[in-house]
Every structure is written in C-alpha cells, then in structure tokens.
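Next up: the structures, one after another.
Look for chain A in each of the two complexes below; its partner is chain B in the first and chain C in the second.
And now, the complex of A and B:
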C-alpha cells in the first residue's frame, strides 16, 4: 500500500516547477529520504494482495511460505539451450537466450526461473494454461 | 521482477501497439517520462449502447507488474454496472491472483502475468458489450440494466454524447 503523505520537499519542488503533483507520480522524481538504509529486504506474499517482510509474518504464514518455497524447489530447472519449441518467456515477453536459467512446470510450459518463481510465490498456477502446479506435482509423485 | 524489467515489458508493449494498433482502442502514455501511467481511448463498441462514444481511461501499472494487475479508471463519465461512479473498473481479470478461498472466481478469471494492455482492453471492451450484473460495481446501473432498460439506455446515450464533446479536450 502506498504512503499517501507527501513530504514537504516534494510539494516545494512541484510548486517551483509550476505543475500539480498528481497521484502516483510524486515518488519518482523526489530524492530518496535521508537515513533510509538501502539494504534490499525480501518481501513475501502470505496472500496474493499482501506484501510483508519476513519479520512481520505470523508463524502460520512463515510455514505456508516455507512449504511453498520447498514445492517450487522441487520443480525441475535447466539452462536454455535453444532446442526447445518455446522461444519466449510469456511473463517478461523476452526471448530466451542460450544460457538463461529456466524452470519447467509439470504442464511442460517453461519460463525464466526468475520470472516464474516470483509468480509461483503468489499463485501456484501456470500462467499459460492455468494448470494448478501442486495438483500436477502430486500426481507426478503418485506415478 | 525488477523495476527495469517491468518498465522494459511496458515499453515493449507500447512499441508493439504503435506498430500494430488493435481495433477498438488507442493507447499512449499520459506523460512521456512515465511508462507506468497510460491513457487509453476506448471506442464504444459497435452494436452496443456505447457505440459512437470515445471513452478516455487511465491505466496505472504497479512497479511489480506483471506479477500484479494494473488499475483501470474511466476518466470520461460512463454508466455501466461494472464501473463504479468514480470510474474505477471492477472486472475479475484485474483482481489479484491467487487462491480464491470462496470459489467465486476461477484462477483463470483472475489476474495472470501473461495479460497485456491488449488482452486487458479486449476484456474491458467485451465487458461494455456484455455487463455482468451479478457482481456490480454500480448497483444503481445494474438494477436499471436489469429492470428499466429504457432508462439505462437513455443514461448511456447521454454519456456517449458527452464523450463525443469532450474526447479531444
């Protein structure tokens, strides 16, 4: 959720430029606030529309997320070698380059590892065919 | 998805839409320096109550697009069961992904990272043609659409006329 409070500096700048600061645009132009550590804090998604750092998750959410990470790590990965029929990662719309890390879903759709892993943390379905990944995973274990 | 990647993806879509425009809408940026805020002009679909209208909308993408959906707001006044009175569009493909506990929406009806400006606008145009009065955002419009169709048509016709006058402002 965005912070709706605008800092006084941002307002001053917009006054000098003579334009109204419109919603959504105020964050991009202003300099970073002082004393903010630039350390990257990984965000987790206990529910699809909630983003929280690990320190603010309930125990139950931590377990759910840990399980999800475990499941994702069970999915096979590989290095794109140019021999596959699928040539584009439909998440970033970028063509696969030889040497890219890719992940294979049970439905045989492939994506950049980085693109699909982020998505699978939010929703455990294949973005192309909507096949639930966990159901497919379980059925492959059974055979 | 990093900031640069979401910006790159949006730039790619904008270039593609400029090269190969799609029937029914035209898309550009509100401000050339901000790839996350688009202005899309929707042409009222033929053979619907909205035919002849030009509806200005703003499409605002989150920094973590395409993992999260953009928001779509009609800037031109419009009367429709699935668009609330402030112009915010409520359709399932713009709802956050995921496990819908109550089963109201199947996962394929909700946001997916394969959606693009084109697929979103195609859905919105089909929503104009075919309102879903089971999950209304504008209850008055939904009731009218169901029970007093003539009154509904009149209100839409007024919006269409108004949209023609203001489209090129």
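And now, the complex of A and C:
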C-alpha cells in the first residue's frame, strides 16, 4: 500500500521536473510551435444569409436547427451508380462520379450529400425547383 | 475550395458559351475570382434597347450557399423602378429567394428580364432617401418585395406610418 501511494507521487514529480526543464530549453532554443488551426467552431445558419456559432443562437433557433438536423437525416441517401438521368450536382456544378455519396429529395432531385446538407441547414427547399422539403416529407408520412 | 472551383466552372461556361447580350471580361477578374464585372446589353425590343450596362458581382467564401452582391456600376445605371441610382437592385433572388442552383448567368438573365418587362423609365419612389442612408452592401438592406413596387424596409415603415395617419401615398 505504502509503495503504491509513494511511487506515483515520486514519478509525478520527476515527470513534472523533466517537463519543466525540457519546456524551458525548447522555448529558448527553438522557434514557437507551428501555427495550429484554432479549435473549429461549427457555424449554424438560422437563415440563408446569416451565420452564427451555436453559442450565439437563441433557444428558438437552436430548437429549429436541431429539428432540421433530424429531418435531414430522414431524407434517403445513396451512392451514385451512373444510372440516374441527373448527371451534375447543380450546387458545386461538378459531375457526379460513380461512388459519390448523394442525397435524394422528395421532388427526386439529387445532389452530393455534402452539398445539399450544407444548403438544407440554411433553407429547407430544393435548390432546383424551390419545392419546400418539409411539406413533401410530411405528406409522404401521412400517406 | 468549393467556391473557387464552382466560379471557375461558371467563368469557363460564360466565356465559352455566353448568352446573347451578356459578356464577361475574364481578364478583369482577379486570381481568386471573388469579383467580376459583366457587361449586359439592354434587350432588343425593350425600352433599354441599345443601352449598355455593367454589373458587378462580389462573391463571399460561402458562395453558392449565400448569394453574391450584385450592383450596377459604371456610367450608365438603368433608370428602372427597381434600380436605385447608386446601382442597388431590388430583386428577390439576390437575397430571400436565392438558391445555389442560380448562377452568374441566371442572375444576369433575370436582371435583363426585369429590365425588359419595364414600360416606363422611372427611379424607385424612395430613391433619394435610400441612396443617402443605405449600406454599401445591398444585401444589408431589408427589402420588401411585392409585385410592381419595391421598397426598402425603412421606407415601408414610413409609408405604413403615413397611411395610419390618414395620409394617402
């Protein structure tokens, strides 16, 4: 028991000392550490042209965004296999490649999953036909 | 970067296959593509026939998820009920009705079509006060879009105020 308690304490001190002296020498002899990206703060879009971090959203906006994330997860996704008529994602204007992750909207327009999810977080409409996505979702649930 | 990649494609398409009356000067566009000047001709058959205009596009890093800033610049600003004398345009697709499926080309065509449907060259009714008080960025204006008339919100408030006082506008 005595050993168990003692050894970690001794170790801790030696580690601290070691670190201290190392840090000191590093600071004096080497340039500061390379630039590191500051912690990524996710931005949310309570409206299409507004971007705010989560900490600056009202409670109402937080709830709406949480609901939105839930609804987006309900929309079917797939892997592009080259068989669809739509060949280009109108958001990035890039052609679909076999193997790309795509998401289908109720109006049957398809987009890269990454592209459309970014848009749906701002506006819950189809970029191509402006059809509101939630209305279509609700009606498919009713039937 | 998604924004630059897409703008590169748009530029290529617009240079290679421009719609009639719309011309982009690719040499004027800087390296990062964030600012464009597009030359737009008044449509034949419209009251702007033969006139030449210039549209300035400014793209933010969130384009195409956020709309570009689009204003008329240069010596000839069209006299139109939705175009302020400082070049700001009251057109819903430039703010509320923006969609990432829209593009520089479709915005130019919408602007030309907006001009073409006009029968009388007239400035917006709130032009004087708007150009004195507005932000440089037209996206910061709260526009009210309704059919033929177009007001920025401060003007609308004053209009509502006047009508509630029994003043006919």
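In the analysis below, the second predicted complex is superposed on the first by the 106 of 143 C-alpha atoms of A that agree within 3 Å, B and C clash if a C-alpha of one lies under 4 Å from a C-alpha of the other, contacts with A are read in each partner's own complex, and residues count from 1 in each chain.
One rule holds in what follows: a contact is a pair of C-beta atoms (placed from the backbone, for glycine too) under 8 Å apart; a residue touches a chain by one contact, two chains touch by 3 or more.
Owing to the predicted nature of the structure, the values given are computational and were not obtained by experimental measurement.
Participant: Looking only at chain A, is it chain B or chain C that touches more of its residues?
Facilitator: Of chain B and chain C, B contacts more residues of chain A.
Participant: Applying the document's definition of touch, where does A:119 land relative to chain B and chain C: first, second, both, or neither?
Facilitator: So A:119 meets both chain B and chain C here.
Participant: Tell me which partner A:132 touches in the superposition: chain B (first), chain C (second), both or neither.
Facilitator: first
Participant: A:56 contacts which: chain B (first), chain C (second), both, neither?
Facilitator: A:56 contacts neither chain B nor chain C.
Participant: Based on the superposed arrangement, let me know which partner A:92 touches: chain B (first), chain C (second), both, or neither?
Facilitator: A:92 contacts both chain B and chain C.
Participant: Is there a shared patch on chain A that both chain B and chain C touch, and which residues make it up?
Facilitator: Dual-contact residues (chain A): 48-49, 90-94, 115, 118-119, 122-123, 125, 127-128, 130.
Participant: Tell me, which parts of chain A touch chain C in their complex?
Facilitator: Checking each residue of chain A against chain C gives 48-49, 51, 90-94, 115, 118-119, 122-123, 125, 127-128, 130.
Participant: Quick one: which bits of chain B touch chain A in the complex? Just the residue numbers, please.
Facilitator: Residue list for chain B touching chain A: 1, 5, 8-9, 12-13, 31, 34, 36-37, 60, 66-68, 96-99, 106-108, 112-114, 116.
Participant: Report the residues of chain A in contact with chain B in the complex, numbered from low to high.
Facilitator: 24-25, 28, 47-49, 90-94, 114-115, 118-119, 122-125, 127-128, 130, 132
Participant: Would you pull the chain C residues touching chain A in the complex into a rising list?
Facilitator: The contact residues of chain C facing chain A are 2, 5-6, 9-10, 62, 64-67, 95-101, 103, 139.
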